[in-house]
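So that you can tell them apart, the chains are marked A, B, C, D and E in the order they are listed, and the count of residues begins at 1 in each.
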Amino acid sequence: MISGIHPLLLVTFFPLAGVLFITFFREEQKGAIRWTALITSLITFGLSLMVLAGFKTANPDIQMELRIPWVNISGLPIDFHAGIDGISLLMVLLTTLLSSVAILSTWTAVQDRVKSFMQVFLLLETGMLGVFISLDLVLFYIFWEFTLIPMYFLIGIWGGERRLYASFKFFLFTMAGSLIMLLAILYIGLTAHTFDWTELSQLWALFIPAQTWLFLAFALAFAIKVPMFPLHTWLPDAHVEAPTAGSVILAGVMLKMGAYGFLRFNLPLFPQAAVQLAPWMAVLAVIGIIYGALVAFAQKDVKKLVAYSSVSHMGFVMLGIFAFTPQALSGSVLQMVNHGISTGGLFLIVGMLYERRHTRLLADFGGLWKVVPILSALTLIVVLSSAGLPGTNGFIGEFTILLGSFGSSVLKSPWFGGLAALGVILAAVYLLTMFEKVFLGPISAEENLNLKDMSIREVFTLLPLIILIFWIGLYPAFFYSLINPTVEKLASTVLTAAQAVH
Amino acid sequence: MAPISYYLVLAIIMFFIGILGVLIRRNALIVFMSLELMFNAANLVFVAFSRQYQALNGQISVFFVMTVAAAEVAIGLALMVTIFRTKHSIDVDQMNNLKG
Amino acid sequence: MDAALIWEWIIKSVVILLVMTGGFAYVTLYERRVLARMQVRIGPNRVGWQGLLQPVADGIKLIFKEELTPVGADRLIFILAPVITVIPALIVTAVVPWGTEVNLFGRIVPLRLADINVAVLYILSVTSISVYGITLAGWSSNNKYAMLGGLRATAQMISYELALGMAFVGPILWTGSMSLGDIVSAQKNLWFVVIMPLGFIIYVIASLAEVNRSPFDMPEAEQELTAGYHTEYSGMKFALFFMAEYIKMIGVSMIGATLFLGGYQGPFVDAYPWLGPIYLFIKVALWLFFMIWVRATLPRFRYDRLMAFGWKVLLPLSLLYIVVTAVLRLLVGG
Amino acid sequence: MTMPTVNDFLLILPEVVLLIWALLILLIDLWIPDTKKYYTAVLSAAGLVISAGCAFALLGRTGSAFSNMVVLDGFSSVLSILFLLSGLAAVALAYDYLKRNAAQRGEYYTLLLFSIAGMMLMASANDLIMVFLSLELLSIPLYILAGFFRPRLASEEAALKYFLLGAFSSAILLFGIAWIYGSTGHTDFPGIVASIDGGRANYLLLLIGAGLLLVGFGFKIGVFPFHMWVPDTYQGSPSSIGAFMTVATKAAGFAALLRVFLVLFPAEAPIMAGILWGLSAASMIFGNTVAIAQMNMKRLLAYSSIANAGYILMAFVPYGNPVIAQEAVSSALFYLLAYALTSFGAWAVMIALEPAESDGLLLQDFSGLGRKYPWLGAALLISMLSFIGVPLTMGFWGKFYLFKTAVDGSQIPLVLIGLLTSLVSAYYYLRIVMFAYFKPGEPQIQPGRWASVVAVICAAGIFVLSFIPTPVFQFAAQMIMGMK
Amino acid sequence: MLNDYLPIIILLVLATVLGFLVLIIGALFGPRRPTQRKAAPYESGMIPYGPGTRRISVRYYLVAVLFILFDIETVFFLPWAVVFRQLGWFALIEMLVFIGILLIGFVYVWKKGALEWE
């Protein structure tokens, strides 16, 4: 604790200090601005590690609670209620890490309006951190909605050619879901006379009459964000058009906000509805897995391929969530982290390639291994992790999910797991095809002959992710120790609650 | 003493003639006169009920309304004169200078 | 309803109309004679004794004149305009009391047609209507002179109507009633002209302008506008305008006398009610004489001065008069 | 006959002060040479400030004056302050803008002050005739102000349209008042209420009257089927007046609507709620969808104001429920406050950029704003986000409170419409942001900095207050306690 | 009520009859020999030039507008005068305020030149 400020507050709002600090630079002082932003994000990461240090892993409950009375809207309090459990802690760590990595990745990629870029980016970080620590529905909603704006700007200003279209689509799609969620939040607040998550999770019985609708309202918002199958259409556009750092954050963190929302709100607040609708959600998840994989396979653009792979991978997360076994749930949470790392890594690599060649078409590459061996090697690691090769993090996450879903008492069918397993195979196919087309074989294009290999900075950008890939892949126990208590409690409360009524 | 319904029916007729005038006629001056007709329909209702209730408050209201109507006449006339000087027409259908 | 009462009203109405039209006829003669005398002439004295049949001759002459309707005139309005002008003039004095009550063939007959409680409002509104006739006459003639004359007349009349209306306020203020009967009764001991001379002067000036009399006869200024709004009128239609103008003269004199000069009040009027109409007649005659005198004496106003006088002098003066009268009423009247 | 006492005047002191001030300015301005009209502007601002001071001093006091013609309560106090502040904004916005357009005439300020006094009286009117009179007092100056740029045809047309439809709505309103008088024999609220409660009122006539009143007010606040004048008038009027009208006129209309319906027709709520529902839904849908097609900022803001009228009306649909009625009013009030800041912010940015002789900026004209003028760009951004209702703006809290009230009143479908139309609105508001930030361009701030100052103040207000909305909530909630 | 106004209505009817009677007499006895020159609008003997009714100078509108406003103020004086004695000083003060406001408007109109006939 620094100077008595609550660590969660400190982590969440420290990036704002960077924003403020950057304000005093002139537009031309690009280097200073970049360094300030990087240092800010690193300090934030350090602060999140401090939170980790203070976290009691065995305790499944909310920890480090902070409750500051904030708004009182005609007798209905909205508090600044923050706190973390294992899941949110992991998400916070993921966010702070990926933010630093993303900022480092922009060093040369972003040359235009660096000052605004960094400010917007740090604002986004605060917003995302806020989403993960909020324990008040309205507070959560505020952070949730707030993240849209910086992302809108990231895509709209620094994005690719169709950035305007993509930024609008991103904003409107996600806002559509969250508005319906707002309605549900209001309904909940007025029914229970509180917006506080801890209280609400005790009062879930109040919502039984309307819980299907409430569940769907929340699910819509989260499913769009995740994205689940028919609601994913914004994602390829946003990912492809966003700048590299934006894609990394979008895939790495913002998609997790959706999955996190399911875990944090849908399950504990509407347990019966969750259990009842679980097969449907699982069906959508499986469709997402297969569909995402197939479409990814058909892509000619690397970035689009990675984007569709996200749809597929997040399908695993969703499947794990709605399998409701502690195992599947832990797998999901871990897979959230994994996806953040490996897809984030892939986007970074795509960004690096694009910086060198200003194209992302598979056809323009080929045989890069000979020219840029370091980049190729690191890419291979990330690709394999994404494909779920044993020994990497992807394997651990997906395997746990599949295992959990086979044993699910809610889904009651091995088909889900079986079809999802097909997704794993497909992932290996399209990822490796991609790798082969880009890095292996003869050098097809003249321009590829003189590409520079990775700079030290780029290595440092990818290095943390590589480390994590192997850490989780080889020794996941640490992560499970964070996840398991929380998840077990979650699974048991949901299932008990669901059975209580049946 | 005529029953109050006579006055009310007359007032309603006046009011609707006024409304029709406003909606159908194109000359701003006639629209304007239709508006006055509507005001006076309201006045008639006031006076009729005022007599019915043997109370003065309705008639006092009419007093105020007349004043206000006069002010509106003044403004309306002034506006029409100005616009006629610029445009040489007070046809409301030709007021289409403004659009998106 | 009492049939006798209705007959009484009809008879009274007829009397009023006769007095008015007859008065009109002889005021024309009166004016010509007086004017002539002032200009050291003799005036018409051939038709009948002292020219007393001259108006009849004029009337007969007008009857046999050809009436023209100019091309492009709005025929209906052109025909109606004189009627619209003359009717208000004829009926405006309906609320003026001529005296108290007399016993006529065993029946108590009040010497007034109607004594309504908003007589002043009645007068104001009826005089306003006569403006329409003039405006419409000017507009429907399709003649530039008529048009201008009509407009000028309208502008002038409405401008001076303000002062006229405010001149009424003093007597009402003092009496606490808008009934002319009450106003006259209140002047039993003291004519209002003494209490509020300013109001009287304002009334005199405004009423002159109201009936387009010299020096406010701009609308008909023959040198500029040939004959103003009735340029195109001839024959009996012209006669109607002519009639309206002179009847209005009688009307404003009568109202003015009632408001400020005690109306029918005079010595012994209580004892001998028949004196009432006589007193009123004398006052009106004097008033008319004054009007003719003014015509003989004063030159015509320039139109811009006329308007400026109405707005910049008479209007503020009227406001001052109201305030002064009100203060006076509080201090004196109790 | 009860004579007015000093106390009566004391209760409407802000209005009295303002009216006297306006009259004095009218006189003083005659002797101020054309080159020094800023004296008039400063004087009128001073009058508004003094009047606001009086209003603040009276804050918390309640009472009725002039034989129940007007009441002073929290509701009227809050709105009075809102009107006065709007007036200040309108003065500030006009200052450079009028000079730029060579229309720096002193009447602007006098008329503005009269109009504001009318609005204040309207918010405290306790008698239908008073409602009508104050409505006219506020409208008539605005008719002139709308045509203030004569002989520019756009301005004149705006004025004539506004006038004809304004008078039309006044006539309908008056006709409604007449029928209510016929039904109850009273025009003062307590009298009408007593008559209704005593069962002496003719229900049919009352209903006719209420319906006509609703139509009349509908015109004034510019909800859907009665909105025809809104776009043309806002576009053709001087921009500073357009800004003022979108906020203050609307607020005044709502003030009267809220009070009249809440006090007089709680029993008619079942019928009225349906109509209000329809008006609200139609306005939200119509305003927001038509706004999409607008490329002229003024027209866009006009359609947005139609939509916003629909939003405010939404809170009021369940007004018949006494538990929610208070909430409805305070949420409407809060939304109005938020909307006022937002709308002024948006208009101010536009006015800062609007060249002379313009009919309003096109959206393209904002291109490059964010880069060239970061402060103004930020103000525009914040205003637009607040219009959408994105968190960390007052617009968010406004919608939040509004939707909360509506959900509380079981108006879920209506809230759904509100939410979905917000989404639609996000499209066109974001398009403005897009032009300002994503497109290159060289906008030019016009000489004079007052409009920019207003823009930045409003934006700062929208942003900063969104962190501490509680005092504003409480302000809005407590102030209406004294109502009825 | 009706008794007060019925005589006036009788008078009005009779006056109308009289008015039309005069018209009819003129129409009956007057000769009717129209020619083109006679029927032309009179223009000092010249052949009429241009339309007879043309646009009205804006000054007349101004007078009309001012008249409406001030006339309505006059209307307020009358009932005030009737009840003046009952209200006493209060009425005086009220009227002074009223006149004061009126005067401010009057001064404004004057200074703006609306009262100048040119």
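Quick note on the criterion: a contact is a pair of C-beta atoms (placed from the backbone, for glycine too) under 8 Å apart; a residue touches a chain by one contact, two chains touch by 3 or more.
Molecules present, by chain and UniProt name: A = NADH dehydrogenase; B = NADH-quinone oxidoreductase subunit K; C = NADH-quinone oxidoreductase subunit H; D = NADH-quinone oxidoreductase subunit N; E = NADH-quinone oxidoreductase subunit A.
Computed from a prediction, not measured in an experiment: that's the story for all the values here.
Chains touching both subunit B and subunit D: E.
Path length between subunit A (NADH dehydrogenase) and subunit C in the touching-chain graph (shortest route): 3.
When chain centres are set by their Cα atoms, the one at the greatest distance from subunit D is C. Ranked by how close its mean Cα position lies to the mean of all protein Cα atoms, the top chain is D. Inter-chain contacts peak for the pair C-E, counting C-beta pairs in contact. Placing every chain at the mean of its C-alpha atoms, the farthest one from subunit A (NADH dehydrogenase) is found to be C.
Averaging Cα coordinates per chain places subunit A (NADH dehydrogenase) and subunit E 82 Å apart.
Put simply, the C-alpha centre of subunit B and that of subunit E have 20 angstrom between them. Between the Cα centres of subunit A (NADH dehydrogenase) and subunit B there is a gap of 65 Å. Centre to centre, using the average C-alpha position, subunit B and subunit C are separated by 33 Å. Taken residue by residue, subunit C touches two or more other chains at no position, since every residue touches fewer.
In subunit D, there is no position where the chain touches two or more neighbouring chains simultaneously. Counting partner chains per residue, subunit E has residues 64, 71, 75 touching two or more of them. Chain pairs that touch one another, listed by label: A-D, B-D, B-E, C-E, D-E. On subunit E, the positions that touch subunit C within their shared complex are 3-8, 10-12, 14-16, 18-20, 22-23, 25-27, 29-34, 38-44, 51-54, 56-57, 59-60, 63-64, 66-67, 70-71, 74-75, 77-78, 81-86, 88-89, 91-92, 95-96, 99, 102-103, 106, 110, 115-118.
The touching residues of subunit D, counted against subunit B in their complex, run 129, 132-133, 136, 140, 143-144, 147, 150-151, 153-154, 156-161, 163-164, 167-168, 170-172, 174-175, 177-179, 181-182, 185-187, 231-232, 235-236, 293-296, 299, 359. The residues of subunit D lying in touch with subunit A (NADH dehydrogenase) in their complex are 327, 330, 371, 385, 388, 390-392, 396-397, 400-401, 403-404, 407-408, 412, 415-416, 419-420, 422-423, 426-427, 430-431, 434, 437-438, 469-470, 473-474, 477.
By the touch criterion stated above, subunit D contacts subunit E in their complex at residues 1, 3, 23, 26-27, 30. If you check the complex, the residues on subunit E that touch subunit D are 87, 90, 101, 104-105, 107-108, 111-112.
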